[in-house]
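In order of appearance the chains are A, B and C, and numbering begins at 1 in each one.
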Amino acid sequence: MSDAVLTEVGQVRERAAARWDVQRRRTWVLFLVPAVIVYTVFMAFPLFNSMRLSLYQGKGLTPETYVGFANYTELFTNPLWRDRFFNALRNTVVFFAIHMLVQNTLGLLFASLLSNVHLRGRNIYRAVIFLPATLSVLVTGFLWTLILNPRWGMLNQLLEGVGLGALARPWLGDANLALPVISLVSSWQWVGLPTMMFLAGLLTISDELLEAARVDGASAWQVFWRIKLPLLKPVIGIVSVLTFVGNFNAFDVIFAMAGARGEPGYSTDLMATFFYRTAIAGEHPVAQPNMGLGAAIATIMFLILLAGVSLWLILGRERDEKTGT
Amino acid sequence: MKVKFALLFVVMLALLSTSALAQDSVVQLTMGSWRVDDVAQMQVILDAFSAAYPNVKITFDPTNPPDYNATLRTQLEGGTAPDLFYLRSYATSRQLYEEGFLEPLGDLTGLMENFTPEARAPWATDDGVPYGVPFIAVSHGIYYNVDLFNELGLEIPTTWEGLIEVAQKIKDAGYTAFANASGDEWTIAEIVFMNLAPNFIGGFEGRQAYLKGERCFNDEHAVAAFQAVADIAPFLPEGQEALTYYDSQQLFLLGEAAMWMGGSWDIPFFESEEPEFAWSVFAVPAPEGQEQAYVTFHLDAGMGLNAASTHKEEAKLFLEWMATPEFATLLADNLPGFFPISTNTVSLQNEHANTFLSLNEGRGLDVRWAWEGLLAGQPDGYTLMQNGALAVIAGTQTPQEAADALQDGLAQWFEPAQNCAK
Amino acid sequence: MSRRFQPSMAAAHGVLILWALVVLLPVWTMLINSVKPKREIFRNPFGLPSEFTLDGYINAWTDGKFDLYFRNSLIVAVVSLVLILLIGSLAAYALASWRSRVSNFLYIYFIAGLMIPIRLGTINLFQIIQALGLSDNLAGLILIYTAMGMPIATFVLTSFIRSVPVELTEAARIDGASEFRIYRTVILPLIRPALATVTIFNVIPIWNDLWFPLIFIRNQEARTVTLGVTLLFGQYQTDWTRALSALSMAAVPVLAAYLLMSGQFIKGLTAGALKG
């Protein structure tokens, strides 16, 4: 057979394959349609359109007067809004920092304890650590407000019972304590998630590597610092980003424990409660929401999240380049 | 998969069945409210209405008070609002009317005849077009534990200074003087500060002087009102920073606190709790040397008609019925502590409610300070007064600083405050 | 190794037991006090009840229409999950098989949603839901939750389907199987563990969500458990027996389901975390 014939056969085959592909591609597009529609209409479009609304003002549901960046100017120059905004931002940062410090450190501690396959009852411990995460934030929030009640709450009674009555406080009424206390309650609830993720990460570290280190005379502490922790870096990154995203739109726990106004005196007001009051509920007792201004707050939250996540991606890439992976 | 699809189908069916409820010939109306505690009592009143008008049935569907305004607004904008709903007084409902959510009620039978212009004002435009039927007024005072007062040999104080002396004696005897607390911040604004304020600013006339710009919000009267809050701060319960409205009520009901600065709406709840002691109420006394005393008698709720309701005629039947003496009597008897506003005087059967109402005799009456005029801008007078009173209790501001903050805040938008005589 | 006493092991047990107490004590307090008469809660907060009462539950059940709330929450959670799994796996299959610029773009488009909470779009979502006549309607919640679940579903499922050996799908293709048939008979059975992971990652936020019911649901008939608990808790603050009963009622079904399935649950979580 000549080369020409061979090419022709090849072309026919390719053409058949191409037709084949076109058909398959059509099916794939069909498969994608529902997901793209639902996701676009109920998530992506509202997200972007809400940002557009931050350039409008007006009463009620649909702000219609185009005002350029007036909402942003209002937010950052009117002390009324500016103080609330920066207060909420600062509180959210504190909220996030406590989660990183307490929730994620505890998670790492529990995970490294649980990764020991010789530990008896590790399945029970795992189940217990994760248990609060299955409860609704509302349930834990309300439950803890009862426990922390200064007059009748169980915590102060417990403290008095063990002779530490001097430590009893009006926990949720003290503007300096309320935010840390609520952050700890939230950490209590969610510590199971980082625990599971760190545990999954630790279980992938090969036993040979750890065994080799031990043979070389490394202590458990050294193994943890020198081997496990560096290998866990990607997981630490993911956990941090998830904590960041979760904390920067946390709402329920504040709503349940301190109300939508972040009482006492806005000391527990987070970005999401501030957004809720401004855009949806309005301030008691007038309750006149300002959707345009609310949209501006949402847009800024969006930008903060974007900046945080991008930072993580860039740092991740640099690290990958350094280690050559 | 088959099982899952079957499940999905069943679930979808259930979903559909909820949205297609059967309709019959009786017109069904819903009534929105912030009074979650009054479900049973309102049902009696609404049943009486249905007995008179058998073809109209009204369902009472209340929302938690802090969420009410926001809920109502979203319902109105989304077209799912109830036909009839409670209206807060002054600015809050005025805005709803101006945005076209409320039906004007100028032609409603009985509205003009049975209510005074002052009573209609909180739910009417400046030129007198009413958009709500005046519904309930609430009074404010100081509840006290009669048995404990007798045991400690205390008399009802007749001056503010006397009240503080009484509080000191109660404290010395090992009890909490006032059950009030800052855990729910609105309570400090509405039932502490605005409860005592009329006695220090001179009631209705004094308040109008602020609204006309004849007085500044940091004059000696306003400072005196904040000073009064500072006076009672040492007598609040331990841990008051975190105690809620409900905790405070329990403190009083358990006999641990001798007094509770509260509103007349607490009567039904206190009665249902059956505390083991006799309790009554006295008015906030005026400072020494001031002859005229005042009571905060707040026009609290009106009833509005949804402009988008499909059953306006039937709803108006109810609104007209609200102007009758029959309704006033039913309201007074079923919801003691919520006083009818109509000119049809009714005799109250409830003893505690009667005591409360008798405090009005010989005293000047006025609504809560922040309501008229001061809610229409940002920062609103309510929030400023609340923040000031809380700061005074916490000791982070002096009464003078709190009053200055009130004046400065209102001067940002409220013209009379900008031009007030310095 | 395990026969020898190890101080480090004892310390590990110490830490974990201490934490178990911190977790279980509040839960115990909730459950045990919900069956005590209300005054006894204050006198004896941790002990067994001297007098057992179910009044709190009976009151919360009758006042709160918990049967209705549970039905609503169940409808929302089940329908949303089925939709997420169905729509998400179809899309993931297409994204995994179709290597082109369009599919790459769509993949990133979906994944971006992992990092951006849908709450930020609430204002416009509000308008869309109103315009579609879906406020006060469970269908509105279902559509939002389905959209909310797309990023995690496409992320986990696409990476999982990509790890399925190409030979399997190619063989089916050469046999002339349609794409839908391949999806149904080859892919779906293989990605069951990934579907479990997606379920777990979605079921907790959907079941526990307060934000969207709070904003979109005003009608009694369409309230979910979280919304019902908020309302009841507001009413019951004076009566802790009732308040704790309402909380327990909201928590116990989920708690029981979790304890029954905690093995699979945690496996699904760690599998998901590994993939992530």
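We adopt the following convention: a contact is a pair of C-beta atoms (placed from the backbone, for glycine too) under 8 Å apart; a residue touches a chain by one contact, two chains touch by 3 or more.
Since this is a predicted model, take the numbers as computed values, not measurements.
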Chain separated most widely from chain C, comparing mean CA positions: B
Two candidates, A-C and A-B; the one with more touching C-beta pairs is A-C
Per the C-alpha centroid definition, the whole-Å distance linking chain A and chain B comes out as 40
Taking each chain's centre as its mean C-alpha position, how far apart are chain A and chain C in Å? 15
Listed in rising order, chain C residues that touch 2 or more other chains are 126, 130, 214-215, 230
Where chain A touches two or more other chains at once, the residues are 61, 152, 280
Could you list the positions in chain B whose residues touch two or more of the other chains? 67, 74, 77-78, 250
Chain B residues touching chain A in their complex are 66-67, 69-70, 73-74, 77-78, 88, 91-92, 95, 99, 182-186, 237-243, 247, 250-251, 375, 378-380, 382-383, 387, 390-391, 394, 412
As the complex stands, chain A meets chain C at residues 24-25, 27-29, 31-32, 34-36, 38-39, 41-50, 53, 61-62, 106, 109-110, 113-114, 116, 118-121, 123, 125-140, 142-144, 146-147, 152, 154, 157-158, 188, 193, 196-197, 199-201, 203-204, 220, 235, 238, 241, 245, 248-249, 251-252, 255-256, 272, 275, 279-280, 291, 294-295, 298-299, 301-302, 305-306, 309
Sort out for me which residues of chain C touch chain A in the complex. 1-2, 8-9, 12-13, 15-16, 19-20, 22-24, 26-27, 29-30, 41-42, 45-46, 83, 87-88, 90-91, 93-95, 97-98, 103, 106, 109-110, 113, 115-128, 130, 143-144, 146-148, 150-151, 154, 173, 178-180, 183, 204, 207-208, 210-211, 214-215, 225-226, 229-230, 233, 240, 243-244, 247, 250-251, 254-255, 258-259, 262-263, 265-266, 269-271, 273-274, 276
Which part of chain C faces chain B closely enough to touch in the complex? 71, 75, 78-79, 82, 126, 130, 135-139, 184, 188, 214-215, 218-222, 230-231, 234-235, 237-238
Write out the stretch or stretches of chain A touching chain B in their complex. 59-61, 80, 148-152, 169-175, 259-261, 263-265, 280-289
